[in-house]
Amino acid sequence: PNNRPTICTDDGQNCVAITSRVHFDGGGYDYRPNTAATVPQRLDDGVNVRRARIGVIGKFMSDWDYALIYDFGGASDGFASTASVGGTAVGFLPGGALSGIENAYLSYTGFKPFGGRLAIEGGVMDLPYTLDEASSSNDIPFMERAASGITATNIAAGDFRSTFGARWYTDRFWAGAYVTGPAMGAIHSASSINPPGTTEQYGTVARVAGQVVSGNDYSLHIGGDAQWLLQPPHNLIAGTQTLTLSDRPELRIDPTTLVSTGAIAGVSGAQVYSAEAAATYGPLFFQGEYFWFNVDRNAFAPLPSLKFQGGYAEAAYVLTGETRRYNAGSASYGGIAPANPFSLAGGGWGAWEIAGRYSTIDLNDRLGFANGIAGGRQTIYTLALNWYVNRNVRFMFDYLHGNITRQISPTNFGDAGAKFDAFAMRTQVAF
Amino acid sequence: PNNRPTICTDDGQNCVAITSRVHFDGGGYDYRPNTAATVPQRLDDGVNVRRARIGVIGKFMSDWDYALIYDFGGASDGFASTASVGGTAVGFLPGGALSGIENAYLSYTGFKPFGGRLAIEGGVMDLPYTLDEASSSNDIPFMERAASGITATNIAAGDFRSTFGARWYTDRFWAGAYVTGPAMGAIHSASSINPPGTTEQYGTVARVAGQVVSGNDYSLHIGGDAQWLLQPPHNLIAGTQTLTLSDRPELRIDPTTLVSTGAIAGVSGAQVYSAEAAATYGPLFFQGEYFWFNVDRNAFAPLPSLKFQGGYAEAAYVLTGETRRYNAGSASYGGIAPANPFSLAGGGWGAWEIAGRYSTIDLNDRLGFANGIAGGRQTIYTLALNWYVNRNVRFMFDYLHGNITRQISPTNFGDAGAKFDAFAMRTQVAF
Amino acid sequence: PNNRPTICTDDGQNCVAITSRVHFDGGGYDYRPNTAATVPQRLDDGVNVRRARIGVIGKFMSDWDYALIYDFGGASDGFASTASVGGTAVGFLPGGALSGIENAYLSYTGFKPFGGRLAIEGGVMDLPYTLDEASSSNDIPFMERAASGITATNIAAGDFRSTFGARWYTDRFWAGAYVTGPAMGAIHSASSINPPGTTEQYGTVARVAGQVVSGNDYSLHIGGDAQWLLQPPHNLIAGTQTLTLSDRPELRIDPTTLVSTGAIAGVSGAQVYSAEAAATYGPLFFQGEYFWFNVDRNAFAPLPSLKFQGGYAEAAYVLTGETRRYNAGSASYGGIAPANPFSLAGGGWGAWEIAGRYSTIDLNDRLGFANGIAGGRQTIYTLALNWYVNRNVRFMFDYLHGNITRQISPTNFGDAGAKFDAFAMRTQVAF
């Protein structure tokens, strides 16, 4: 599919394909901090290679699916703390990606119980947890996924995650559960002082979803997701066990985050529950999710647990009439395949889509108490115009208007908020 | 071409090819500092994986060209300052390349105005700016390009560079212009303290060239190039805005530079203008370029601008009679395709080429003034013997004699120069 | 072979193939330090992407073999000291691998003297030095090679090593010798203060081996190996010239080493001599090697040289009857190709193998003297169960029991030893 080059043995039982994906972003911000107490005081315009992947996808003896995909992108898009000098984190990302094995998994699909398909799989995977994450970044109508979902998946799912689990699905129903470990790049030894190591974290995610209504030119999808962080990483050297919830403002030209809980101390566990819904009606597409977060802080001394929440709702309309098809294997909607690819000779203009999204996340809790968290509340409105040139090339144009309400600290109600408008463009090539 | 494996759809409109390139160098120096004030005091012998690339090259709907190529080479060949501890640059390159996305671009070639071909393109590209850089590193007669051209392209062009622009060409004429941004690996946020971020730089390059004479076994190429650094990167934390001009001594076994302006402070912009010429007469090949640099220093307080210059002239002769063909798309000459590839069975001996180059760059200006720059003057003579085994394998043998005249500082005329001889060999494989 | 996709020109003289390999490990330790003086005090359970390789393998004009393979694995599996701040080593591995060019070589196979095959080759190679290392990591019966062999190969051979040499072989006899340089990731300049550079090391390895007995369902292989570290890397800034012998406890979930000489000061050279033997009798397989190490310490002032030793013996039995075939090109045994690949539909169960190994290494010498080395003695018993699902997929289950006897320092006989049991599993996919 999509002109992906594939070489098979004569019996078709063993195949290897090459895959690649580049998302190249450029754009600028009009960022306006409310006061001098706001951090940061500016966001920078520029460009970013958001994704740059090369990989191989294999099938062996029909039933064993394999993928090894590396992401060279995001070069400076993230300041992971991976090293220290004398105990002080260096906190940076020198050139390479955040240890970017995007996928390195094996999936066995030989069992087909109860009239459905079962995939038992493990390795490094992009987990189909949350509806937004289950949709490919090649297909989503906006340049970035909504902040509430990204904040959730980063806890114990998301990209570069070690995992083992299974999913079972029919054309209309999907259920899956996975145990997850650390993401790639974590130091695997708590004895290590420099860089500071931690014990490996583990957690679990589960998701149930289905296409409850499905007709010739309409469909309705609903589902529920749950995530449990069972053991946060424990730094035995510093004696800390923390969790940070944050995300960038739904655009990553400048990698700075505007809302963040900071490192929450003494975290003993966390849970996220969410509900998801989506629908199509011909060229119309709707999608929304809502997330409830709970963070327990009983690792060393009991502290009140913290509650956060967030969600998004989006709608898209394909002006040229194409529709988004349902992908039963991941229980999510796919992208737009233009009926008439753009060609000066052939006269086609590709497919054109407009979309809008409202997205919010509230990372404040227990304001006024010294043990509260003033992570801030971020609300962003996005308008998008997407041009699907052909099955491999897409151009995206996003306009964002964001509002961050945030106080200086849990007990200092001074204004540290900001407003921004941003315009960005993505050039996407994938096969 | 060159045995590059390519898989196409049946209609030939969509193709994906795999490309790879390894340049493995080994060699040694006889380096002789003039005095104890010379820096460095020694150069080290050894080996270096100069280039190690894997990538995919795609064509979609005939008109859209794509490439994603990563360079794993140069592992320790460059000490980019990418991190800091407490504001002190760590200044290193740990293992990975300098964030080595060599190419990640999309090029649209569907318009064919005025009887020529037009390519509108953007992403991460190897820009066809300067004649030497427009020639592939697989094809140039010496192991490294001349220092004057490398110094020029590093300002706002060169490898790993984000860019957008267009080139238009016929069989005999070529014109192109590009806007350029930061190179890969730059930190995309000026708010970042650790690592220290900067605003993104931008600049422009333009080039016009043509094959003014072209016959059956002779040709003459001339052209002119211009480069403007419009906005240098601005470090808002340290309040600095600098530019460094430097290059290694046309050999990278030891990555140390011998001539360098150091970080020129308060840079508000820079311009480079150059002229290029090349010619073939059967197996004979000539090429030369000359560069004029100007650096403006009005970012904070007005300082006199700085002028530098450099150039090179080279000649090559293919003993076995093959000739270098003109590549209209990049307005440069290609490599040698041996008429009789080496084969013990078949009796061929491949192609053999001898070449020589004179190359100089002067990075001194305003000597005797405290605000001058004593970057040094480097002159290098190179003799080369190249064996083109077949279309994929080449061995190169280079002998260099270099002379660096440099004073200790702009106002200290003490001798900090050096002389060196070096011998190096490259094993090259590419498809 | 093994379903590796290969594209050739019509005459079959030029081919390019794609190769990939993932080894994904998970497991846990029951680690028991003897006293509070033992370092480390714990080992951590978890997962590790041990190997994650993508590469291209080419053949040009029939006689020139090429490979460029990158390893993205081992993300945090090794804390190489690659950078420093103010002279203090940062000592870490941020995300990317230890500069992971696994292979980047060119091999010429056109000469066929004395009725055998000759390969003259150079670049970055996995050298066929020691029988264990000459066997592919896809084929060895245990998750990790024995500690004595790894300790030996790391001196001047092993992965990521620059080298040049030749091997000549017939169906029954093999002889090879190579000059080796630094491994990938070394800083190529001794003038560099930050990161601290060294002169490049060089050494030599040689190996002679043969299949002295070979029948229809039995064979006997013997051989001898030698390694000379001729010039250790010399840090001119710190004025040091050191060598460290160590290895992890034959499992790399936690990357901590239990036995290590530490950095031996003033090293002027080192030699390793070893003997190797292996045999097959139908589904039975035996293999063993023994290593004698000598480290000279005359770089600055004469110190007594140090002697260490170690070895291993292993046996494996394939329950389903398959046998390990001899690979004449590397003078080692290959893996198990299951006669009946696992398939629910077809009824095959793949191949099943059990194996056991005894492995020991003694890194103590001159105990009781201040200039002695108390690196510790490690003895490990391993039991393994391997399931070869098909020619591309293998699952491995290893149980280890280890005993480390180590004293606090050469002159402090206090107990710093430990015992451990460990269980681990590997998922392997390769083509």
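For clarity, chains are labelled A, B and C in written order, and residue numbers in each chain start from 1.
Convention: a contact is a pair of C-beta atoms (placed from the backbone, for glycine too) under 8 Å apart; a residue touches a chain by one contact, two chains touch by 3 or more.
Everything quoted here is computed from the prediction, not taken from an experiment.
Mostly differing positions are employed by subunit A and subunit C in their mutual contact, as under half of the interface residue numbers are shared between these two copies. Rotation angle relating subunit B to subunit C: 120°, from a CA superposition, given to the nearest 5. With each centre defined as the average position of its C-alpha atoms, the distance from subunit A to subunit C rounds to 38 Å.
Residues of subunit A found to touch two or more other chains are 7, 18, 54, 85, 90, 92-96. Note for the complex: subunit A touches subunit B at residues 3-5, 7, 18, 20, 22, 24, 26, 40-49, 52-54, 72-73, 75-77, 79, 85, 88, 90-96, 253-256, 341-345, 389-393, 427, 429, 431.
By the touch rule above, subunit C contacts subunit B in their complex via residues 7, 9, 14, 16, 18, 54-56, 58, 60-64, 66, 68, 70, 80, 82-86, 90, 92-101, 104, 106, 110-111, 122-124, 162, 164, 181-182, 184-192, 194-195, 197, 199-200, 236.
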